[in-house]
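What follows are several structures.
Each of the next two complexes has chain A plus one more chain, namely chain B in the first and chain C in the second.
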Partner chain A sequence: MSAETGIGAAVKRREDLRFITGQGNYTDDLNVPGQAYGVFLRSPYARARINAVDAADALQVEGALAVFTGQDTAADGLGDLPCGWLVKSRDGSDMVSAPHPPLAVSQVNYVGEPYGLVVAESLAAARQAAERVDADFEELTPVVATARAAQASPIHQGLEDNLAYDWELGDEAATDAALSAAVHVTRLDLTNNRLIPNAIEPRAALATFDPTNGEYQLRTTSQNPHLERLVLSAFVQIAPEHKLRVVAPDVGGGFGSKIFVYAEETVVTWAAAKVGRPIKWTAQRSESFLADAHGRDHVTHAELGLDEAGRFTALKVSTTANLGAYLSTFGSSVPTYLYGTLLAGQYKTPNIHVRTHGVYTNTAPVDAYRGAGRPEATFVVERIIEAAARETGRDPAELRRLNMIAPEDFPYQTPVALVYDTGNYQASLDKALRLADYAGFGQRRAASQAAGKRRGIGFSCYIEACGLAPSQLAIQLGAGVGLYESGEIRVNPTGSVTVFTGSHSHGQGHETTFAQVVSDKLGVPFDDVEVVHGDTGRVEFGLGTYGSRSLAVGGSALICASDKIIAKGTRIAAHMMQAEPDSVAFEAGAFISGNQRLTLQEVAFAAYVPADYPPDLEPGLSEKAFYDPENFTYPAGAHIAEVEVDEATGVVQLANFVAVDDFGHVINPMIVDGQVHGGLAQGAGQALLEHGIYDADGQLTTGSYMDYCMPRADDVPDFTVDTTVTPCTHNPLGVKGCGEAGAIGSPAAIINAVTDALGTEDITMPATPEQVWRKLRGL
Partner chain B sequence: MNLSLTVNGVEHSLDVPANTLLADLLRSQLRLTGTHVGCDTSQCGACTVHLDGRSVKACTVLAAQTQGRAVTTIEGIGSPDDLHPMQAAFRDCHALQCGFCTPAMILRAIELVESGSALDNRTVREGLEGNICRCTGYHNIVKAVLTAGEAMQEQAR
Partner chain C sequence: MNPFNYHKPSSLAAAVALHRDAEDPAYLSGGHTLLPTMTQRLAAPSDLIDLEGLTELTGIAAQGSVLSIGAFTRHAEVAASSEVRGALPALADLAEGVGDAQVRNRGTMGGSLANSDPAADYPAAALALNAVIRTDRREIAADDYFRGLFETALAEDEVITRIDFAVPSRAAYEKFPNPASRYATVGVMVADFRGAVRVGITGAGPCACRAPAFEAALSARLAPASLDDAELPAIDFNSDLHASAEYRAHLVRVMAQRATARIAAGTD
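Then we have the complex of A and B:
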């Protein structure tokens, strides 16, 4: 295949042309005739009983069409929003799920929780009417703080406490024994700060209902429109699947926050039929802050045992994870199966035990945000190793190297359920040390000191489990569904190719990379391959994009479908050439037998307008495949951060960041580098700037860009990124996934650098100037 | 109220409510949806357009303030067949992912270059401070602005 467009080429993205010229089609850019506008009524209280909602006055506003409350949706039989992953407590009992109605019926449980929808002719009228709704609330005492939530009185009626589950993984007795036998034990208390995802496109929905055929269409900001349709049909029961089309057009970033099935698009779709008008809703940023699912929010105690030589003997971790007021779509799995299973990191720690208390609080639901569980696990492992190195006077890089799983140890069974298929962690570390000029750090530190600044260096050798997910394993672990991905390849009669994928691109560039893969595999020109995604009306099924799964699972499905195309084409070609199928080879877009040669295009034409055709073969040249991964993929890498701290102001400047990642084979290096850059900036945001804070009354005090500090261009440096390659052993492309690595590895590296600079482990994220300034003064 | 303004070189005479924001005028009335709205506190920069050649946040400008003035949006900067050097550089340098911040970034970056001040990594980063991108980590945006800056200065000579 062409070196310019095939696998491994830095092909410029075809989607860019519409974005750089302002021709993108994001949900809020779309309009349909007769559309009305929706505005949600949101709770001003963290916890309150709803006594009454009086809409009489609101309906007097000119242009007001309807006001719906939770009573209306409940009376109409609208189901609860489900959580798709059942976690069991250590005693074998099922997790406790608090009912989650799309609109609150009798009680609101976080500030911003929707309890009503106002529909009007114009957005201005809808806003005006919303202000005139008179809701009578009776305030109740909220539970806010993560660490104390389990003991507090229950926020949900009918539940005994605020514990959703008490989960564990690993051998506790063996871990305890190894810890008591350890020569040295490092203990660390850690907080993983609550983050608010903040894709720059706010969530939106545009729903229509056609009374002539009973069909609903929902255009929405989703990372997985098929899952949205499945849930809205099977659980919420808005409409049967064949009467509901969900389209996710251009989507302006997701980072996890657009995976979930939210109240807003659910209610807007339902209401479109009730009002008999299309309804558009677009979140204001303040709504995104309040009601997008948040991320992280863990409080953890960890203990690491070491032997005389510095080998890790045991790791014990106890975490309280704030799940928010309700279990969001995947909320239960994030601090358990996506977290506890990663605590082995890159190391041969023989004994590991983790216990997670998942707690309800009167805050927005918490779910997957870029990395989802794996940044939290990496933060625990990499922070405590750094602390152990300092306590025992060892070089942090060498302590890691001593404990790393070696290339010859694969496949490697960890004590926390996973089997790593392949890797070469030392190679990434070596490369990172070179690129970061570790040897020259002492000099740079001295130079900073001379300038009145403190310099620190920090490491993070992370691992992640991606490519969600091997279905059998996922279902054993509580997933509600298998996690296959589907793909379909249609070779059109004239030889051009249409690719249908269940993955969804909201910035990742699938329209380019998936075309590279298929054009490479089938030997057709890149420009002749079109990728279709994000529409349940055009793509049969899919589970969407999250967990760095698109290429590893969705891309693999396309390889399987391509193989079927080649197999069928071989039989057609053999017939046309009067050759045995076994004698026909497929090379560079052509079927070859002896000195006969037929292009894929010729074979496709024959397949659609068959005249002389194999009698036992269906005409047509379109194949689909569902791919179920055998195992997770395990991207891993070494990140090194260098920071400079201004003693006078406490400002931490990220001076240098090196990331060396092993993503297996790379399809488009330009896109992969971009994914890493973006993840690193989000990780730097978590480490230094971002913090979702609720006050004691449960009011979100960081509800806008004035108080939630987003990384801006001058907060981050140019990044040095590079890769090493050990191909994944169990998928046909040998790929592992690259979307989350930056956000997973970097927070620990940066905080390790800050603690190195300050000479104290006692720094919590984000390391704000105020906190650092105080630490510098021993306050 | 009655409003006359020029948008992307085309004169418009419109009847708009006095409290209409420029961002809404562009998106809802003129259907120029390349201008995006990403926040409600005037801080993300996704709505950046040019008003008489200077970049402004269209969510913070009343339509009424544009009376008799010239607005340029991303749609007036270049087309797929005839890209502005800044647009081309954004694509060449992979300076966009989801594309939501991109039109505004491009408009701000063009102004930055046209302002004539010396550009390097630091000044470009400072110059883009008012525009948030959640996807790219800014690395490639800075690269694109510096690349296009050279091309534009070359062109101007």
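Then we have the complex of A and C:
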């Protein structure tokens, strides 16, 4: 296939022309006749009883159409927002999933929680009316701090200790025994800071209802429109699936935050039928801060045992995970199955035990955010290894190498459920050490010192589990849905190809990458392949884009569908060439038998104009496949950070960053580099800048860009990124996923560099200038 | 944003008259504080009186020991001006570091000084450069101008027309930006008037202030070490998420030393 556009080519993203010229079609760009506007009423309190909501004055505003409260949605039978993953506690009991009505009925539980919807002819009128709604709240004492949630009064009725679950994985007795027998035990207390996702496009919804046929249509900022439809249909019960179409048009980033089924999109859809008008709602940035699901927020104690030679003998981890006021769609799975299972890292630690207390607090719900559990796991493993190296006087790179799973050990069964299929961790580490000029670090440190600055270097050899997931395994572990993906290939009569995928692109570049895959596989020109996604009315089914799964699962589905196309085409071609199907080979877009040759285009035409055609074969050339992975994929890599600390101000400058990642085969190296760069910037944000902070009253104090510090271009260095390749053994493309690696590996590397520079392990993320300045002074 | 009346008067006198007669008016001079406040519905003036285009408020002129800048001059114009660059490069540098490109292309010097945001950059320069704030009715010395948090000597309807800066032999501005907003957590301008040093500080307290002990120490010897033990200005240091009062006070000294180092090294 063409070297310019096939697998492995750095094809420029075809979607970018519309994005960079302002021609994208985002939800807020769409307008329909008769459209009204919605504004949500949001709780100003972290915890309060709702005594009354009086909308009489609001409805006097010119243009006001309706005000709905939780009483209205409840009276109409609107279901609760479900959590899609049932986690069981260590005693076998089900997690406690607190009722989560789309609009709060009698109590609000976090600042920004919606308790009403105002609909008006214009956005200005809706805002004005919203200001005139008189809500009578009775404030209650909120539960805010993660670590102390269990000691506070119950947020949800009857739920002592605010505990959603007490989960564990691994053999506790064996781990304790190994720790007792260890020659050295490193102990570390860690906080994984709360992050706020900040996709560039805020969430939005445009809902319509057609009374002539009872059909709803929701255009919304979703990473997986089919899941949205499934939940709104099966759980919230707005309409059956055949009467509900969900379209996710161009979507400006998600990082996980647009996977979930939120109150706003749900209520706007319901209200469109009630008001009899299309309703548009677009979040203001301040609403995004308050009401998008947040990420991370763990408090952890970890212990790592080592033997005389420095081999890890045991890792014991205890984590309190803040789940927020309600369980978001996948919130329960993130600090359990996406976290505890990753604690083996790249190492042969024989005994691992993890226990996670998932707690409710009066804060925004917490759910998957770029990396989702895996950055938290990596932070624990890679921080404690670095600390152990320092405590035992070992080189941190060599301590890692000593403990790494060797290439010949695969497939490798970890003590925490996963089976790694392949990898070569040493190769990535070696390459990273070379690119980072580890040998020259001492000289660079001396040069920094001469300039009044402290220099530090830090490592992170991360692993992640991507390509979610074998459906049966996931469902056994509590997932409410399968985790396969669908793909459909339509070869049109003249040979162009329309591809339908259940994956959704909101920045990842599927329209380019997936076209490369299909063009390469079927041997048709890249420009003849169109990729359709994000519309339940056009794509059969899908489970969406998250967990770096699109290519490994969605791409594999397209390969399977392509194989069916080739198989059917082979039968058609064999008939046309009067050859045995077994004698026909498909190469570079043509069916070949002996010296006869038919192009896919010719065969496609014959399939739709079946003049000379196998009698027992259906016409047409369109095939579907559902691909269910055999295993997770396991991208892994070595990240090395170097920082310079200004002693006078405490400012940490990220001086150098090397990332060597093994993503298996790479379809488009330019897009992969871009994904890694973006992830690294977010990781640098977590390590040095970003922090979602609630004060003691449960008010979000970092609720705007004045205080929530996003990484900017000048906060990060010119990243050095490279790859190694061990192809995934169980999917047809040999791919693993690259979307989250940067954000997973980098925070630990950066904090390891900061702690190296400062000579203390006691630094919490983000390593702000004042915190570092205080440590430097021993304050 | 609530509805409001928009006016674009053709003379300064007309602008002031409009202000006097309106119910709840506000002057618009760039609007990079006012407009965001209005879109957040935190401010809802009945009338906006746009000062753009008033000749009394425009133009940059260097005359001997004074650099006179019209109040409606945008930050980007200050940064790019050859007059400013020639007479007062430290002021051009400061302007170049205000906000972001959008703010610099809309925001004005008069607007910033009238607002007196505790974290704005210009107030440090006004104090260090012994500026005279000229208005539609009087002259106010910078030393008498800053009164408190968002509080100045201006009357409700008073309009700044020009700012006259005294031109020092050397000056430098050092800012420690808030990592999130990039406003000045602390900003310090040090200006040397042939041995008499003035120090203007922004970001540290409720409004910009001078640092008398720093000035005395630097007037005696213009070197960073002169500030090692010099007394900090007697103000209530601000404290927020990004910098406690203690850290801010420390940063005042460090930024002053860095500005001093630059001018002592002759690079400014």
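Just so we're on the same page, the second predicted complex is superposed on the first by the 778 of 779 C-alpha atoms of A that agree within 3 Å, B and C clash if a C-alpha of one lies under 4 Å from a C-alpha of the other, contacts with A are read in each partner's own complex, and residues count from 1 in each chain.
Following the convention adopted for this analysis, a contact is a pair of C-beta atoms (placed from the backbone, for glycine too) under 8 Å apart; a residue touches a chain by one contact, two chains touch by 3 or more.
Everything numeric in this text was worked out from a predicted model, so none of it was measured.
**Q** Determine, under the contact definition given at the top, whether A:705 touches first (chain B), second (chain C), both, or neither.
**A** A:705 contacts both chain B and chain C.
**Q** Of the partners chain B and chain C, which touch A:769 in the superposed model: first, second, both, neither?
**A** Second partner only.
**Q** Which partner, chain B or chain C, is in contact with more residues of chain A?
**A** B
**Q** Let me test your reading of the model: by the given contact rule, A:278 touches which partner, first (chain B), second (chain C), both or neither?
**A** Touch status of A:278: no partner.
**Q** Would you check which partner chain A:127 touches, where first means chain B only, second means chain C only, and both and neither mean what they say?
**A** Second partner only.
**Q** After the superposition on A, what does A:734 contact: first (chain B), second (chain C), both or neither?
**A** Neither: A:734 stays clear of chain B and chain C.
**Q** Looking at A:629, would you say it contacts chain B, chain C, both, or neither? Reply first, second, both or neither.
**A** Touch partners of A:629: none, neither chain B nor chain C.
**Q** Should A:202 be classified as contacting the first partner (chain B), the second (chain C), both, or neither?
**A** Only chain B is touched by A:202; chain C is not.
**Q** So, A:689: does it touch chain B (first), chain C (second), both, or neither?
**A** Once the two structures are laid over each other on A, A:689 reaches chain C alone.
**Q** Return first, second, both or neither, reflecting whether A:555 touches chain B, chain C, both chains, or no partner chain.
**A** In the superposed model, A:555 contacts neither chain B nor chain C.
**Q** Can you list the residues of chain A that touch chain B in one structure and chain C in the other?
**A** Overlap of chain B and chain C footprints on chain A: residues 124, 286, 705-706, 710.
**Q** Going by the contact rule at the top, pick out the chain C residues touching chain A in the complex.
**A** 1-3, 40-41, 176, 178-181, 183, 241-244, 247, 250-251, 254
**Q** For chain B, which residues are in contact with chain A within the complex?
**A** Residue list for chain B touching chain A: 17, 27, 31-41, 43-44, 46, 73-75, 77-80, 83, 87, 90-92, 94, 96-103, 106, 121-122, 124-126, 128-129, 131-142.
**Q** Touching chain B in the complex: which residues of chain A?
**A** Touching chain B from chain A are residues 12-13, 15-24, 26, 28-29, 31, 124, 198-202, 250-253, 255, 284-286, 506-509, 670-671, 673-682, 704-706, 710-714, 716, 718-719, 742.
**Q** Which residues, counting only chain A, touch chain C once they are in their complex?
**A** 124, 127-128, 131, 286, 648-649, 689, 693, 701-702, 705-710, 768-770, 773-774
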